Amino acid sequence: MFKIAKRNLPELLRAIAAEQELYLPVNISGQTNFAVWTEGTEADLDTLKTVKSPKDMFFPQSETLYTVKKENKKLSIQPEALREQRFVAFGMKACDIQGIKVLDKVFLAEPIDTFYAARREHGTIVALACHEPEETCFCKVFGVDCAEPDADVVMWAVGEMLYWKPVTEKGKALTESVSGVLEAADEADEKAVSDEQDNIRAIVEKLPYTNLSLEGWDGNATDAKFNSPVWEKLFKPCLACGTCTFVCPTCQCYDIKDYDTGHGVQRYRCWDSCMYSDFTMMAHGNNRTSQMQRFRQRFMHKLVYFPANNDGMYSCVGCGRCVDKCPSSLNIVKVIKAFEKEAVDQ
Amino acid sequence: MQRIGVFVCHCGSNIAATVDVKKVVEMARLEPGVVHAEDYQYMCSEVGQAKIAAAIHEKHLTGVVVCSCSPRMHEATFRKAAEKAGLNPYMVEIANIREHCSWIHKNIEEATEKAVILARAAIAKVNLNAPLKAGESRVTKRALVIGGGIAGIQTALDIADAGYEVDIVEKTPSIGGRMSQLDKTFPTLDCSACILTPKMVEASAHEKINIYTYSEVEKVTGFVGDFTVDIRKKARSVDMTKCTGCGVCQEKCPSKKAPSEFNRGLNNRSAIYTPFAQAIPNVPVIDREHCIKFKTGKCGLCEKVCQAGAIDYTQKDEIITEKYGAIVVATGFDTIKLDKYDEYAYSQSKDVITSLELERIMNAAGPTKGHLERLSDGKPPKNMVFIQCVGSRCSDNRGKSYCSKICCMYTAKHAMLIRDKYPDVNVTVFYIDVRTPGKNFDEFYRRAVEDYGVNYIKGQVGKVAPQPNGQLLVQGVDLIDNKQILMEADMVVLATAIEPDPSVRKIATMLTASIDTNNFLTEAHAKLRPVESPTAGVFLSGVCQGPKDIPETVAQAGAAAVKAIGLLAKDKLMTNPCTAKSDELLCNGCSQCANVCPYGAISYETKLINDHGIREERRVAVVNNALCQGCGACTVTCPSGAMDLQGFSNRQILAEVDAICR
Amino acid sequence: MQEIINRAKELLADGTVARVLGWRIGDLPYNPEPSYFETAEDLEKNFVYDGFCGANLSKYMIEGSKLEGKTLVFLKPCDTYSFNQLIKENRVDREKAYIIGVGCKGKLDVEKIKAQGIKGILSISGAEIEGDAETLTVNTLYGDKTVAYKDAMLERCHVCKGKEHMIFDEEIGESKDTKDADRFAEVEKIEAMKPEEKFAYFQKELSKCIRCNACRNVCPACSCRKCVFDSTKFDSAQKANADSFEEKMFHIIRAFHVAGRCTDCGECSRVCPQGIPLHLFNRKFIKDIDEFYGDYQAGADAESKGPLTSFTFGDVEPGVTGGRR
Amino acid sequence: MKSEKKQAEMIREISGVNPYKCMKCGKCSASCPSFNEMDIKPHQFVSYVLHEDIESLVKSESLWKCLSCFACVERCPRDVKPGKLIDAARQLVVRQRGETYLSPDEVPELLDPELPQQLLVSAFRRYRR
Amino acid sequence: MSITANEEFRPKIVAFCCNWCSYAGADLAGSSRLTYPADVKIIRVPCSCRVNPMFILRAFEKGADGVIMCGCHPGDCHYSTGNYYARRRMALLFSMLDYIGVEHGRTRVEWVSAAEGVKFSQTMNEFVAKITSLGKNVRLEDLRCRK
């Protein structure tokens, strides 16, 4: 394990950025999101959750797939190059990393999504343990330990210090490249980190959602849940906006669109939301015609269909972003609780 | 995908001298959808048109772009040519490479590049064109004239003489209107009744004219060529088929306290009455408000004295529904109320009167049998003062901002007549300006001054004060002498502003015809379409459109008739196919489009809509193609883009923008 | 609040209304959700009306109007403007709504509380509709904190339109005028900037936009069945900001489409997950409309024609206005 | 002349009157109770302002003969309101006198309890501003 | 297609002209041989009230450097009232564009009658000069449309 004084953080960042592209949480006009570091950029490690999840770095909101050029009446196709430069995702949280694991299940399964795979291959994740979890957090429910994120490098912020522990080969290589700015940690430091972990875990126990039960939610629950009358009441406040899906670290649906540039066509993909009325719209119309059906789809997917196809893995990580951001204060927790209540009522 | 042919015209050297037409042809070939491109000396010539036709046949073209002069010049030519060759005419677009290109640019390279871009934009548009078909609608060969004054009568006569059925709807018991109330007419001083009555008789006798008096328009639906109108025939209480017009009922009627509308309330009439002796139809009505039989149930005298047995107390209002192809509005005018002009003491003294009241006083059939006398004491006046512009040309909130146009002339007429008949009466006229544009008008006014000694004073009257001795103290100013004038008068006559008859508001709403801030009906174009309303099939006759004197009214009445005849002469109306169209699936039914439509072409219907499997009742906009003129105001107002304009659709214009900016 | 619940129960019991549209108590102290209630029991147990009930329920009445029978809907003074506007546009049925105008003393924004560094919120007191608390006490995992009520208020409440309900069947509760700022001050500040500063300001704000459409979907004026930005009928459909142009296009066109119809209810700014001050667009149009064509408040009535569907002969010329200040 | 122009502008500004609206009907003069006392007549006020001859207007008898009865203001059909012009001209004169006019601070000293309130207000309207 | 070899900035300008007045005015400018730069390309619309703000933004998106809208003089609209609505719409839109920092002057409205060929050509000359002085539109273009 290594350490660096928080005040020396810019040195560390400079050292990383000297080698590769560096993404980290930055506050831009009041909101913290992941952004590219350039000299002078101030890191915001105090904000627990970025508004958008860091999945953007691996699966951007929109990316060009290929370009069709038109010269007179001839067409030529230029495929988009895959990512070749290495980069570091600095300051990701345990839940976000769990989110990336969910995305891996989708994009790294055959047929492999080459754009995603290239980014995963070239990205090194430096995680930060959650110093002060908040009331909207419920990662523990999905088995995530925010005191010990599963990353290439893990960091803990304790007092004036930042502790740095390389975990994987990638992490070790990164540590090697920045060793000049890191100090070796001693036993007292080990103790400080383990105290911090205890501290974090103790807070997690006190979080209002920590004891949320997932009983009844698994890959076999389709029949039990799909036809429940609860959905009909639950969806009512839903505005059919895409906030929950766009801040979610695991939502992976996208649409493919063409843009006419006047001298050709850019084919690009962009995030889509199952909350939108034109989601999976086809020539005959839409296979989910009501907002209730679309609403149900989102939660059935996260809590039933995804585990059914991925060895029981839920595609919710308990980051609580939807709890924070839903304009009508709806969220996955309310959904789970509503079914819990239904079970009790019966 | 369209199969487009591009035809580039040299226009002799008009285009070819500055635009490399071969290059335009070559570049056009590369555009999507283009399967044919050629150039020719004169595309609009027989040979040029034949080339287009040949290409349409040989290459199975679905669209044509002609790069030539302005579409305002030859669009119709090329569309016709295409239609002859079997192509829908609306699949033709013009790229204007002459007026907008070759004629204004000198550099051949620049002009050629621009011509290519203009061609490209036209091609991009044609790629999205859809065949359009002009709609057809039937024309009901019958006209409705609302208002039975001189304007309405003249319009009806002209239309009827052309062989079409005309109905006149008049709200009072007789046709004749304001003109029937006048004594003499300027500038010839003919007796008004003498020239009007024959026209009234002619109208009532005309086999093509049907007159509904004591009736009002209740409801109008439909559109140009096919209006359906409900007319309320108010209960007359007299059977028109039996009444002989003998007048005994009016003589015997014991209720004689109703103010006479015809005499502007200066005297009274009986409860059963015809407004005036020459009324047409000469059938009285019972004014139920004043009739003793209706008020108390007793009396019934008229029924007893009527030998024809025409009195029918049980008559009810009747609604007649009739179809019309054209509607002419001729609702006329009234004088404004004078309650805001108390400085003239109109409400305080019986001897302060309006000019229209003076007409009645001067008239032999009027309340004073034509003797000029004071209404307060019946004495003949010695000094009379006329005040001009009462309520006209006022930009404050008391009167009307416009000039009432007729007052200068009728005042000169009154002054002259009085001086002629009563030479010892002094007549003073206070005026701001004397406005006499019109044939023999200024000569007429000058005669009043020069031959009849009417005292015209440039200046206004500030106050009229009734004195205890019954005289009227007039305080005015003479701006030429720069003196204030205090004079005593026996009578003061106010040239009161005229305003559209109040009934016009309701009628305008029913017809969706627009009215201006003064309640005058708006014409379709202030200069070029002065007798048409913007609402197709509705025409304007007389003062309802703006202040007019009799000759102007008659001229406009004739013009409105011609316009109506032009419409009625058609068996079918071809509608402009470039009209707005609402997409029912996108329409919110929010009514914003109807708010900006100048033609009232948009209505709303509640329909069962199947939106990709969701069936629900929705309020949606429906465009009437016969009314829509294709301006596109609605399309921009529509936030959801449900409303689009055929021939100039959102996608077409965006495609042109894209092509130009490429 | 009990008075509101009791009245709702009465109206439900006597059959005046078939359901109640209100706010359902959340699972956190600050997240009640718009919801329907059909039983007295549900109302008694789960209805809430407090400082966090910022959601404008007017728009829900579009769907509510399609339901059988009348719906009792609670509207705050500012919400009633939206409701009027929806009536004007035939999007809601007045006959299907029983409106209780509820009092309001300024609504709260949890983001503003969190922005003061308060995290781990477990409970909040002082947000109740009863009483006149000037301070909120926030109990958190990391100790008790206090925030001045005013400092936690939504932006829109600082420029409150007033205490009057524009439309209602009955009113319950007192309102407080919370206006303490000039409605157009922010707009004027931007107007005074140099073009490059303006551009930089909006570029920075709008670059945060994630095109979640929350602003559009919550907006009572954006009541189109299908938005032009979703419709495949034109080449205007956009799903993401693939280029910085698109976020501008979306927000300008959206503001333009609601110009003259926007009641300035502030919901767009309230719901934006990225905290973009979207009201600055709408308010610019409102300010211009007021200045060019005379003061106009959308939703003040349900009949008048809006400023973009009317005109006067002497309107200002477009060229002149762009450069005025 | 330049100061004349400025004065004309000031009169237009103080009175809020647009003299171009005048259609020279003379209704003001016809209504004026002080007409005969005046050397410049009410309808002429407008043209003096229009022609920017404020000097003559200010020196005229009329300036102090106007009773401020506002008959002309009430009856003017064009919203030109000569009475307001003359009122403005008076103010111009008062302003030119400099500091000699009444200031609100002095009012209490001058205040006679017997003095009708209306007179005070009308004095203010005429001589201050 | 390259026109001139030098690097001189040639603006792209879109002009929306109503069919009844301004398009005819442009025709008159043409038949009177009143020149203006070829950078102006005219799109014919039935009435100025057909011009959707979307069209104007679209032109900028695709790389236009200036957009001008011409219609009948207020009061002379062929459809009586169309240009009054257009006037309000454009007043608000232009003010908004100014507000977000798009250089004032890239947009313009001019009322040109069918008889005003001279005015049309003068207006276009002025507008092209103005846009040329402002330079390339970078604040509202979509970078994907750059070549």
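When the chains are written out, they are named A, B, C, D and E in that same order, and each has its own residue count from 1.
One rule holds in what follows: contacts are C-beta pairs under 8 Å (C-beta built on N, C-alpha and C of every residue); 3 or more make two chains touch, one makes a residue touch a chain.
For clarity, every value in this text was computed on a predicted model and none was experimentally measured.
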Labels of chains that are neighbours to chain A and to chain D: B
Pair with more cross-chain C-beta pairs in contact, given A-B and A-E: A-B
Whole-Å gap separating chain C and chain E, where each centre is the average of the chain's CA atoms: 37
Centre distance in Å when chain C and chain D are each reduced to the mean of their C-alpha atoms: 52
Between chain A and chain C, centroid-to-centroid distance (C-alpha), Å: 30
Centre distance in Å when chain B and chain D are each reduced to the mean of their C-alpha atoms: 46
Junction residues of chain A, two or more chains touched: 259-260, 262-263
Chain D residues counted as touching two or more neighbouring chains: none
Numbers and ranges of chain B residues touching at least 2 other chains: 596, 637, 650, 654, 658, 661-662
Pairwise chain contacts, counting only pairs that touch as defined: A-B, A-C, A-E, B-C, B-D, B-E, C-E
Chain E contact footprint on chain A (complex, rising order): 259, 261-263, 266
Chain B to chain A touching residues, read off their complex: 30, 32, 612-614, 658, 661-662
Complex interface listing, chain E residues touching chain B: 1, 3-4, 12, 14, 19, 23-24, 26-27, 29-31, 33-36, 38, 41-47, 49-55, 58-59, 62-64, 75-76, 78-82, 85, 89, 121, 145
Parts of chain C lying in touch with chain E, wherever the complex brings them together: 187, 190-191, 193, 195-203, 228, 236, 242-246, 248-249, 252-253, 255-256, 259, 281, 284-285, 288-289, 292-293, 307-309, 311-313, 315-319, 321-323
Chain A-facing residues of chain C, complex: 26-28, 31-36, 55, 60, 115, 119-122, 140-142, 204-205, 207-208, 210-214, 216-218, 226, 230, 232, 235, 239-242, 270-271, 273-275
